[in-house]
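Think of it as A, B, C and D in the order they're written, each chain with its own count starting at 1.
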Amino acid sequence: MMFNPVDIILSFVLLSVLFSFGADRVLTLIKLVGFQGVVVSIIPFFIGDHMSTGGTVFTLATLVIRGVIIPLSIFVAIRKGAIRRVVEPIVGYHASILCGLAVIIGTTYLSGRLDIGSVSGFKLLEPTAIALLATGMFLLMARRNAIAMVIGYIMMENGIYLVGSGLSVSTRHIVEFGILLDVLAGVMIMMIMAVILRNIKQTFDDVDTALLRTLKD
Amino acid sequence: MVEIIILTPFIAGLIVFFVFSAFSLPKSIGRFLLVLTGAVHLTLSFMLWRNHPQAIFDQYFAVTPEGMLSLLVISLLFFLISVYTVGFLKESQIPSESLFTGSMLVFLSTMTMVTLSNHIMVMWIAIEATTLASAPLIYTHRSAASLEATWKYVLICSVGIAMALLGSVLVVFSMGQANAGTPISFSALTGVAKTLDPLWLKAGFVFILVGYGTKMGLAPMHTWLPDAHSEAPSPASALLSGVLLNCAYLGIFKTNKIMVAAGLQDFSGGILMVFGLLSILAAATFILKQNEYKRMLAYSSIENMGIIAFGTGVGGLGVYGAVICMIHHSLIKSSLFLSSGNILLGYGDRLIKNTGNLVKGMPRTFVAFFAGFAGIAGFPPFGLFIGELCIILAAFRAGFHVAVTVFILSLCVIFAGFGNQVMKICFEDCNTAIKIKEKACMVWPQYLLLLTSLILCFYIPDSLNQTISDAVTAIGGGLR
Amino acid sequence: MCQLFSSTCIILLGGFLSLFFARQKKFSKGIAVLFLSGGCLLGLIDAAGKLLDPAGAGASASFRYLDLFSLSFHVDGLAAFFLTAIFAVSLMAAIYSFHYMGNEENGIKTGVNYFFFSVLIAAMALVVTAANILTFMISWEIMSLSSFFLVIYSHESAENRKAGYLYFVFSHVGAMFILAAFGLIYGHTGNFDFASLADVPETVKILIFVFSFIGFGSKAGVFPFHVWLPHAHPAAPSHISAVMSGVMIKTGIYGILRIYAILDFHTPVFGYITLIAGVISGILGVVYALGQHDIKRLLAYHSVENIGIILIGLGVGMIGAATGNPLVAVLGFAGGILHVLNHSVFKSLLFMGAGMVLHQTGTRSIDALGGLLKGMKITGTTFIMGSLAICGLPPFNGFVSEFFIYMGSFKTIALGSSISFSMSVFAIISLAVIGGLALACFTKVVGVVFQGEPRTLAAENVKEKGWAMMVPMGLLAAACVIIGVFPKMFIHMALKAVQALGLDYGRVPVEPFGQISCNITFAALLFLVMALIIMGIRSTCYKNKTDKNTTSGTWGCGFSQPTVKMQYTGSSYAGSILAFFSAAAPLSEDHPPIKGRFPLKTHYHSHVNDIAELYMKNVVVRPVFYLFDKLRWMQHGDIHLYIGYILLAIVLLLFFI
Amino acid sequence: MIQSILLWLAAILAAPFFSGLILKIKAFFGGKKGPPILINYYTLIKLFKKGSVYSNSTTIVFKLGPVISLAASITVLMFLPIAGFNPVFSFNGDVIFVLYVLGLGRFFTIAAAMDTASPFEGMGAAREAYFPIICEAAMFMILIFFYRITGELQLSAYFTGSNTLNMWSLAGAPLLFIVISFFIILLTENSRVPVDDPATHLELTMIHEVMVLDHSGPDFALIELGSFCKLMFYSTIISRMILPFESAIFGFPIVMYLAGLLAVYVAVGVTESVTARYRMDKVPQFVLTSFALAFFATIITLEFVK
């Protein structure tokens, strides 16, 4: 099947990955992560032949949370404590974009070698998942703004979700159950993060994590 | 009816948190509830141990020997720590006590869930939940440092746990089409381990090891641990170091069980040994010149986790040693953290150089602290000695001569550093006025913990011994 | 066996009771002394009985432990011999402590001290009877722990704390080495018992021996590992120093012998290692002792020296066993083992004497004392006897064992091989030099501490008191003479111990050694008779001359008003000899020169540096600290890199899949 | 047996005479008439008649010193074969006993000296404690040499009958070194020039004499006698080594022995007359030469005696 809808959507996700490498505003990142959330949550509908009702419920719930609640809550968090909008990169934007390209190439190569496509039947599924993971990691390591780091974490979760829903067709319902709980956990983390962020804001009147370097040996 | 033991502390925690924060009841009731729940939990877990009941959701929960062991340890520790906490709360000012107490209880329930969970995903969720429940504990003091510690703790652990999730997914994937429909419970997977796809199983193990290893405090993922342990109030640190790390270890233990059943123990064992040695070395690096005693204790926890991982990797008698080490480390280290809490309250300073002459100032704490040091350093009559002995002998038996040499040498370095600091705290001249008087409820828990370890060093009741040997033989441990 | 256990239990019970009744000082002390001495006496009778009856078969006992292991004990000749020494010295020390432990400080401390004292005795008894790895390690570590608490008994002073710390670290590291040796054994046999290691390859056997030698050597105080010893022994109360120096460090010797026995591998290499280690510790130990100003430190260094002598004996024995020469083997081993007993007797005697001096004058500094013999008749006399014994002079017990070792070494010459020849020459000459230096050292102590005139107020008109302190000294001094004049029984004990080493010669022939002991007895008596005759002559000369005998001041060679300041001090006494050994014992002096027409008050301090200590500091400790300091950047507090560690770990691991 | 005891007594009694000889020789070299040949006997008798003056600082040890030192030197004479006849007593390993008994004597001499609280005596004691250490090493080296040759560990095995002659025939050249080194030991142990100068008037430079400054009367007599006997002990050995000849003619060994003794004492006297005392810090090197000679000899025997 040449015009495989999944692959087409996923190619958009890959594009968003590139954008998120280059994004310099937190808001942009939020939008991107929301988009990715929506996309990765609808993927299961296209995979596998039939969909159990339970599976459907799980998937929809995931969609809502990933696509709406999490981005909104971050947005609210930013609004509450007037947090700076720039992501304060440790690695510069151009370098970041290059990294992004490298990541995408690497992931494609890796998935080609591992040849997982045969399992799910979609070429781009695995590269995208791994790319999302890598991007999340990248944001966590290369952005000083706490919000950006949180978003990186969410992006990683998206990647894992994609892996989970893509890989295990056979035992999907259990995985999805797990994943849903994972998402809930993600939400809880978001709440805690929000608390912490607000307190960080109160304590340091900034969320630049460079300030959080006092505890060391 | 296994789930009750999970729910009881959870409900109690919610009650404490919401009810007390809603209409301000006297604090004493909350403290009483804390101790009460601890007692109830202890009795419940004993009942659980005596007569293994079936779980309602038996595909998610089951009573396994290793889980049972850590559950017993957890409830004993929690009870004693809760008794200590009463005295501790009286002495120290904590901003929102109801939050503290509540999250301690919820923390307990999540950890109980870890020990009882038999399902990969449930295990993962439980461990994630422990992170969430313990985060408020670390942030109790509301200071900048504690904030930073919490931030690091939550973020690093979440990232690690995410890795663990990926690992779990991969392990599930390794089932492939071959045996669809088997529940994804550890027991079932162990059953069908031979048919699993080794490549994905290995990958899954790697991710799970790194993930749960982050939580367990294996180097180089240990970075959050000293900050969190030193910033949290002492009862919380005692819980974190004494129990939480074991829970994370439980995840690795169960996964390693699958690996062994799949005949991949060389791979998994090798990785475990490497991480173990790294952790011990890291601990040695930072204990040698440590200037805060709580951080020192935290690093010593890293060391002991490394020892446990090493023993598990060595296999054979080493696994037995590892399990023994796990039990005794929990007992001794929590007692040490409680004593360090007394020291902190007494001297009002975290730095070693501002403490001293504990033997004169707080004699009863001194006894507990020094005995704990002797125990953690692996001196009989404390049980950690047996564990380390078994691990070293097993390593020689298995022929890992280089590894065991590094192991022994770094243990020596750690002892030298630890001993130096402890001598300073206990005997160095110091003219600080002690701020608190040692109440019975702030020393007896330590004494009881140490006494337990002392007794378990010489006599282990047969039923408990049975449980231990079940847990050990499950992953190919044993005397030979 | 049960008698041994019951005596151990009595001892422990005494400790517990004294801790329990610590509030009532007198009572707790009394009850502790009562139980400890009673238990020791019981054990002593048991062990000595085992040694003395010709057909004394070894006793064993075993208990199940943690369902997997077993705690097993076995008493053979070797164990019984060491038990005899342990219980004898502990008995004396317990009695001595009754008056030594003052009532002035709070009772808790005394109670704790007695508690750990009892634990130490029990642990030592278990160490020498332990029959498998686990039992041995448990009792060994408990021994180290309890003795550590005894060392830091008076932790108020900084150097005592340092001493305790050093001792703690050394004993732990030593234990780790022992554990490594046991690990190698376990690795090849796969069971915990001290089984004979027939199938173990010989290189591994040598490795095992070296490890255990280092481990046990660090407890025994063999040369480079003795650093803790001169710090720890002065720190402890004197009766504890007597026990530690008298018997506890001998458990190291026991360990070496036991390992040698279970290795059952007679290679000269073991002999060479042991002998050379012995020679070095012997000579350097006594040289450092000569340079000390603190009497207990000096005695501690003499323990290093005597451990050296013992090791020389054992080394000769090992060489003999390796070359299949039973006479040499037995002479060497018997000499070494007998010297264990002798040293424990006279060294505890000397420490008790030093303790009495410390107790009455309050100072340990040799150059602050003087003329104590006038006030302390018994202490002084017994101390002089102890000094003669430790110098190995007839007719005292030190001579007997050294005589054996000499005989063994001379017989080694005849073995022919050039290396064993050079070894024996090495041994003999060093024994001679050690003897000479020890003589110099103890003439210094006796001369400066007990003779001459008091140098400071502390030493003026000091009296000795406390029968409980004098009786043990008297008994030990008597033991020195008895063993020195009638050594037959004790030599048989030592031979019994040698038999336990399993030097496949079947039964050790007793006859030649009986002859030797007869000779020693004869010669000693001969000398005593001569001395008596001359004393008789002397007294006849002085008969009805009391009017001619007068007393006056010492002839000052022209000085009409000699002052005590003009006496020769210990430092000046030892100075020239130390200068001779300055390569091994660098002397650091603090002496501002006298200048100006009206020079101000000046002072002179000298300190002999222990090269082992310097070496440890510069070559072991510093590099370790440097290395780990370099690694400390790892915890830099930057969360981004922390997350990077996680990623790194995963990526690296993924390569191994 | 009787014969041996008689010889032993004779040796003790003759000891002062030979020491007197040394004085005579020194006087001769000094171009003086010198004291009567029996001077030492007169001195002893005079001293025995006298009473004693005791320092207030002294204790029982001070009185014990002379007794023990004399007892030591006459005891060792009992184990020494005189003129090649069997000694009074002898057993395997008696050499070690002999050396250690001499050590015992030294211990008490030093202790007695330290007892007087006199700075000079302390100085002497320090030297007395120092130099014999090296001497003992040399002595044992010589012992090793003898053991290499005879395989025995008793004096009688070296110096009775034809044993000494056999030694010469077995290892003559090295034995020469031994004789020299033994002579050096003799000078040191008996505190003669060039190690110590008994005749000097400055206590700072003495070793043995200064240690006995405070002894007087019979005590001093005992000490003197003891030192005479000690000198006798060493010179007997040397005389046996240099004139080990045996013959059936009655009295031949005695004559040989006396000749040897004469030679030794003359040698001592001559040395005292023609050499000066070394500086104290040079003495150890001097004594070490004796050790070196003995060591060298022993190494050579590795070639001689297989």
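Worth a mention:
We take it that a residue touches a chain if its C-beta (ideal position, glycine included) is under 8 Å from a C-beta of that chain, and two chains touch if they have at least 3 such contacts.
Just so it is clear, the model here is predicted, and its values are computed rather than measured.
A comparison of the B-C and A-B interfaces places the larger number of contacting C-beta pairs at B-C.
Taking the mean Cα position of each chain as its centre, D sits at the greatest distance from chain B. Taking the mean of each chain's C-alpha atoms, the chain whose centre lies closest to the overall C-alpha mean is C. The distance from the centre of chain B to the centre of chain D, with each centre set as the mean of the Cα atoms, comes to 78 Å. Separation between the centroids of chain B and chain C, computed from CA atoms only, is 44 Å. Chain A and chain D, compared by their mean Cα positions, are separated by 101 Å.
Rounded to whole angstrom, the centroid-to-centroid distance between chain A and chain B, based on C-alpha atoms, equals 31 Å.
Among the residues of chain C, those touching two or more other chains are numbered 632, 635, 639, 643. The residues of chain A that reach two or more other chains are 140, 149, 209, 212-215, 217, listed in rising order. You'll find the chains touch as A-B, A-C, B-C, C-D. By the touch criterion given at the top, residues 632, 635-641, 643-644, 647 of chain C touch chain A in their complex. The residues of chain A lying in touch with chain C in their complex are 90, 137, 140-142, 144, 149, 209, 212-217. On chain B, the positions that touch chain C within their shared complex are 151-152, 155-156, 159-160, 163, 199, 202-203, 206-207, 209-210, 213-214, 220-221, 223-224, 226, 267, 271, 281-282, 284-286, 288-289, 320, 359, 374, 377, 379-381, 385-386, 389, 392-393, 395-397, 399, 404-405, 408, 411-413, 415-416, 419-420, 423, 427-429, 458-460, 462, 465, 469, 479-480. Against chain D, in their complex, chain C makes its touches with residues 370-371, 373-374, 380, 384, 388, 391-394, 399, 403, 406-407, 410, 413-414, 418, 421, 424-425, 428-429, 431-433, 435-437, 439-440, 442-444, 446-448, 451-453, 515-516, 519-520, 522-523, 526-527, 530-531, 533-535, 538, 541-542, 545, 547-557, 562, 564, 566-568, 572-577, 580. Every residue of chain A that touches chain B in the complex is listed here, in rising order: 119, 133, 140, 146, 149, 153, 156-157, 160, 163-164, 167-168, 170-171, 174-175, 177-178, 181-182, 185, 188-189, 192-193, 196, 199-200, 203-204, 209, 212-215, 217.
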